[in-house]
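In this document, chain identifiers A, B, C and D correspond to the written order of the chains, with residue numbering beginning at 1 in each.
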Amino acid sequence: MKVLYFSWLRDRVGVAEEAVQPPGDVTTVAELMTWLTQQSDGHAEAFKDPAIVRCAINQDYAKADAPISAGDEVAFFPPVTGG
Amino acid sequence: MKVLYFSWLRDRVGVAEEAVQPPGDVTTVAELMTWLTQQSDGHAEAFKDPAIVRCAINQDYAKADAPISAGDEVAFFPPVTGG
Amino acid sequence: MIKVQTDDFDVGAELAALSRGRTEVGAVASFIGLVRDVAGPGELSAMTLEHYPGMTERQLAQLEAEALARWPLDKVLIIHRHGRLLPGDQIVLCAATSSHREAAFEACAFLMDWLKTRAPFWKLEEVGGESNWVAARQGDDDAAARWKTDK
Amino acid sequence: MIKVQTDDFDVGAELAALSRGRTEVGAVASFIGLVRDVAGPGELSAMTLEHYPGMTERQLAQLEAEALARWPLDKVLIIHRHGRLLPGDQIVLCAATSSHREAAFEACAFLMDWLKTRAPFWKLEEVGGESNWVAARQGDDDAAARWKTDK
């Protein structure tokens, strides 16, 4: 599974992209966030307030209970500020 | 008093502008329209449906009961169609 | 700024001039009206816009002042052409700049709605060799009326 | 049409291209977003727009399709820049063309509201030697929300 980070989530995690292999009981976006939080202090800092983190699976917005699969591109980022 | 005509009102009256001297009892826009109607067949044709004629006095919109004075520039025209 | 002219206008240059040096302005809303080739009775070959010189400028200046009073705008631009125009030609450009995009959008729509019902222009359409004065649209009156009560 | 690019764009040329040869189209509504020099904590010296390549194009294309489905439009244009920009620089151009000016105006406002809340861009402001990520505005969510129930 490829995980991408943008904006201050990337700054906190320290990388823009990483390949992860969460255990089999990590099946939703929310579970992935919880699991990622345990990977490093940077991850913990990035996800410490999950309510303000947005997620996209394969470039479409996804909610916390959306299912994830091994081949997905999962992105985490703050609320967007374009335009 | 200077009277101007635009669009199809000018086509019907036959002139774009004329100087008129209505009698003293013609004191409002409505009375001026009635008086003008009697000046020629063209005038009568132009003002035959007064409800669809718009008026401006000195380049500001004016209603039928607005007072007119000898020095005024009075314009008659159909509803506008710009933009 | 108000311009009533027979000449065409350069949209890019006009809009750029409106915000040049105004770096506190983030929003430029604009509207361009073009001559359509579709007339009531058939295909339009040309259109002549008559206007009332003097009154036009006066009414558009009042419109500009009203928009500036109602919304937090930086500038307002109205350019309206008169004379004979062909399908696809530019007729009108309205624009409003602001630090708030909602204000810029609303003011621009307001300008167009009021311009349609208040600026003394009359369209003469040429269709199949005949010339016909365009009748006013009730829809334009309705569109303008909404600004009387709404903010 | 969707364009996501670092280069600046020519508003006049882009809008002219949108209506060229489309003489049944009478209305072109557009919006230009510019970098403001006013940031939360002080005067902004520059701004860097980060985006999510691929997802941005995908979201903007969905936005274009949704506007075309909701209003009787001829065309939709969205150009959004990314990279480092200075105060006064153009960030975004949205435009909608139609034979109905109300449709063009509404669609253009819709595009901007949704773009602000859905397109994956993030602004990093440089103010007094410090760089700060811009927080999302609640007002933008509210503006976008109105399109969920209204037509």
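By our rule, a contact is a pair of C-beta atoms (placed from the backbone, for glycine too) under 8 Å apart; a residue touches a chain by one contact, two chains touch by 3 or more.
A quick note: this is a predicted structure, and the numbers were derived from the prediction, not measured.
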Neighbouring chains common to chain A and chain D, by label:
none
Please identify the chain with the largest separation between its CA centroid and the CA centroid of chain D.
B
Per the C-alpha means, the centres of chain A and chain B lie apart by a whole-Å value of 73
Between chain B and chain D, what's the gap in Å when you average each chain's C-alpha atoms?
49
Measuring centre to centre with CA averages, how many angstrom lie between chain B and chain C?
26
Residues within chain D bordering two or more other chains:
33, 112
Of all the residues in chain B, which ones touch at least 2 other chains?
none
For each chain, which other chains does it touch, given as pairs?
A-D, B-C, C-D
Touching residues (chain side chain C, partner chain D) in the complex
10-13, 15-16, 19-38, 87-88, 99, 101-102, 104-105, 108-109, 112, 143
So in the complex, which bits of chain D are touching chain A?
33, 49-52, 54-55, 58-59, 80, 91-92, 112, 115-124, 133-137, 140
Could you pull out which chain A residues touch chain D in their complex?
4, 6-8, 56, 59-61, 75, 77-83
